[in-house]
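Paired with chain B in one complex and with chain C in the other, chain A is shared by the two complexes that follow.
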Partner chain A sequence: MLDRADGQIFTGNVRLVHAVGMHARPAVKLTKLAKKFQAQISVRVAGAPEWINAKSVAKIMAMRAAHGSTIEIKASGTDAEAAVAALVDLVASDFPDGAG
Partner chain B sequence: MQGGAAGSAYRGRTASIGFAHGPLVRVDAGAGGERAAGTLVEEALALRKAIDLASGQIADLAASAGGEAAQILEFQVALLEDEDLIEQIFASIGDGRPADVAWRSTLDEQIAEYNSAADEYLQARSSDLADLRDRVIHILRGDAGEPLKIPSGGVVCADDLPPSRFLEIDWSGGGGLALLHGSPTSHVAMLARARGIPMVVQLGAIPDAGATALLDGEGATLELDPSAEQVRIFEKRRESHRKSRASARAILRRPTASWRGEHIKLLINIQRVDDLEHADAQYADGIGLMRTEFLLAGRSELPDEETQFQAYDAVLRWAGQRPVTIRTFDAGGDKPVPGFTFDGEANPFLGVRGLRLCLARPEIFAVQLRALARAAVRGNLKVMFPMVTQADELEAGRKLFADVVQRLQADGIAAMLPELGIMVEVPAAALTISSFKAAFFSIGSNDLAQYVLACDRSNGALAPLMDPLHPAVLDLISRTAEHGRRAGVSVSLCGDMAGDPRCLPALLNCGLRELSVNASALAQIKQTIDRLSSGGGVG
Partner chain C sequence: MTETVGIVIVSHSSDIAKGTADMVRQMVGSEVKVAFCGGNPDGGLGTSVQLIIDAINAAWSPKGVAVLVDLGGAETNSEMAVEMLEPARRDLVVVCNAPIVEGAVMAATEAAGGSTLAQVKAVAEELSAD
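Moving on, here comes the complex of A and B:
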């Protein structure tokens, strides 16, 4: 999918397996990892009306993603593809220590 | 005052067990106070400097505290580095608000949002935000950096106490924490438990007087200005708590537990191989439940046979002659695994989980069975299937397992079929227990109670109904134990009930003689059995 001059938009879906859902530690890890990329990255709980900036820990927490929910990720920019892959891996692997 | 001259007592909720007797130290949140605002540019600059300073202070605290405390504080640092959040505050300053007002109103919005959340975990995070809010406000007002001086053994009393204030207090001389609000799941409660500082929360309103306090983290009470008699009783409780802990350590070292002359086997539950490093694990009679879901977490692919074999083999080597019961993958329900469990089930607790899932995914199950069959020749291994409803499922699992063993042996690989048992957690299985040709039964009381009582165990609103000692639950446990006794098949119980001293008399009376608990509960359970055996109460 081409989106004007920004180039391609990459997307991914991943199930939140973390036992308590998207709480403080997972949210910190997710935003830390997202900030390592230049790309503009957004996330939402599948089907939610609004996309949320993946680099804002306050907004990720406010998203209140529950355990077992599916997280949608989209990114655009130079390293968008790698960003989506890294974030999907982080969530799928249950936010291992040392990641992010 | 309730007690008049005798001093007054208040009751709250336990957040951390222990006792403190000392001066009452009140800590205020530091509300109020005025600050003269400057120009737009000055205000923006003031906030920027305050944020940088706060960030540095929190990083220093995290570095000196380390471990869990550091991880807790990392959330606050992440908030300060949240550009969306910070930009919103600078925009508000651009609209003409003073820095402290802009900061406070944005943080208060967030705090209100967390407080309105349904789950207690998210609510408890609001105190982390309040901590951060107050730190920056203090810096903006120029009254920051006064570490709390707590006299030795002092009882700190506050509305709520943020984690960073907790870490600024010198607890080396003991002391305790009495909060009017607060929560047992808050970060500060986790820190208090880790440090062994007694803590009671939700004490409600306490008069603005009192010089001496007695804090009992076990009974969840705070007594102010106690009489000599109150102090005497308190010190007696503290001493018996200390002795009880010391005697639990001593009893733990005895070879076996017994009750009315019968040997009670005490085994441990482990979630992962590292759990065997717990200092008390060595005193267990074996491993009653090794969960294997850890193998599915923290990796992007399902674990291969060798990875699994290494984990099972490590546990068998640790156990030596002692039995090790390994439970096959119990995924599904509240434990979804990408690439394994089914998505989109409307009611996953009643869905394709446990053995049901493994039978539906024979290619994944076969890998685990191969690893187990190879491990079986290395020690005293037993394998159990979770979430079994009828005998056919056990037989289908047995057939797959036998085929796997046969193929391994045909290839010249050492393997054998271990003893096969089932978890008893579906009420139908408990009611038709004699139809299962199992080598042993293990009662999963958490799920059994949840299914019998039709109560989601994670739903706090149902807590009063979710009683594992309900006669219907105990009846199913008795039936299973009774069947085991008649058929000569061992029956154990590995749910949370086994580690709860209050449940012990009922479990023993149901006929259970084998319990499996977390290593951290082993000493207390062994001690409780000893006490019950000598005619005492649960203590």
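Moving on, here comes the complex of A and C:
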């Protein structure tokens, strides 16, 4: 297959239902899950000017996403589609214990 | 399971060392080895080179060990402890220039993904970069 999907960008949006927003524990879970994928993954609070590397725990903690805000996720690379799906699921399911 | 960099927490206070290790285990999980030491052997505030050596060996991983420290003596004693390790281990231990609690949580998060010692140190030190 010459036409590989590497250049394709997958995106997802998910509402942050966590009661206190993106604080330390959810940030650790999101980062750990993101690191399981080869894809380049970025997130931001909807409409924010800058995308944040989802694999950087310091930057994810610092993004201060509030309860009820929408998180945008985009990824590119071999497993990008699965990465976006997994991260959307993590946030939508309110960062269950054992995830990530 | 793939090997992950080990984390050692060195505080002047055994309560802070233990509490920081608890935070790492609860927030990051049990896949990263975490050892801690705090206080001097008499139970007072301080750090002990021998206890630091024991903690490094307890958290040992073939990928290395990242040490997080609090104030002054914790750093110098940790550096001394590294020098006193068996030669094969010395080059695989780094003392991070990072706040002890935040640095430990972030270093462990990075380590859990299977990162190298240099990557773990860099992430812990991201907080003191600017």
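One rule holds for everything that comes next: the second predicted complex is superposed on the first by the 94 of 100 C-alpha atoms of A that agree within 3 Å, B and C clash if a C-alpha of one lies under 4 Å from a C-alpha of the other, contacts with A are read in each partner's own complex, and residues count from 1 in each chain.
Simple rule for what comes next: contacts are C-beta pairs under 8 Å (C-beta built on N, C-alpha and C of every residue); 3 or more make two chains touch, one makes a residue touch a chain.
Quantities reported herein were computed from a predicted structural model and do not represent experimental measurements.
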Notebook entry, point to check: So, on chain A, is it clash or fit between chain B and chain C?
Noted result: clash
Check: Thinking of the overlay built on chain A, is A:R25 touched by chain B (first), by chain C (second), by both, or by neither?
Finding: both
Next item on the list: Tell me which partner A:T78 touches in the superposition: chain B (first), chain C (second), both or neither.
Entry: neither
Margin query: In the overlaid three-chain picture, which partner chain does A:Q38 touch, first (chain B) or second (chain C), both, or neither?
Written below: neither
Margin query: Let me test your reading of the model: by the given contact rule, A:A58 touches which partner, first (chain B), second (chain C), both or neither?
Written below: both
Check: Given 75-83, 111-119 or 417-425, which one is the stretch of chain B whose C-alpha atoms run into chain C?
Finding: 75-83
Item checked: Overlapping contact positions on chain A, where the chain C interface meets the chain B interface -> 24-25, 28, 31-32, 55-58
Next item on the list: Would you pull the chain A residues touching chain B in the complex into a rising list?
Entry: 14-15, 17, 19-20, 23-25, 27-28, 31-32, 53, 55-59, 61-62, 64, 67-68, 70, 89, 92-94, 96
Item checked: Parts of chain C lying in touch with chain A, wherever the complex brings them together -> 27-29, 105-106, 109-110, 112-115, 123, 126-127
Next item on the list: Spell out the part of chain A that touches chain C in their complex, as residue ranges.
Entry: 24-25, 28, 31-32, 35-36, 55-58
Note to self: For a test of understanding, state which residues of chain B touch chain A in their complex under the given definition.
What the structure shows: 71-72, 74-75, 78-79, 81-85, 110, 113-114, 117, 121-122, 125, 128, 297-300, 334-338, 343, 348
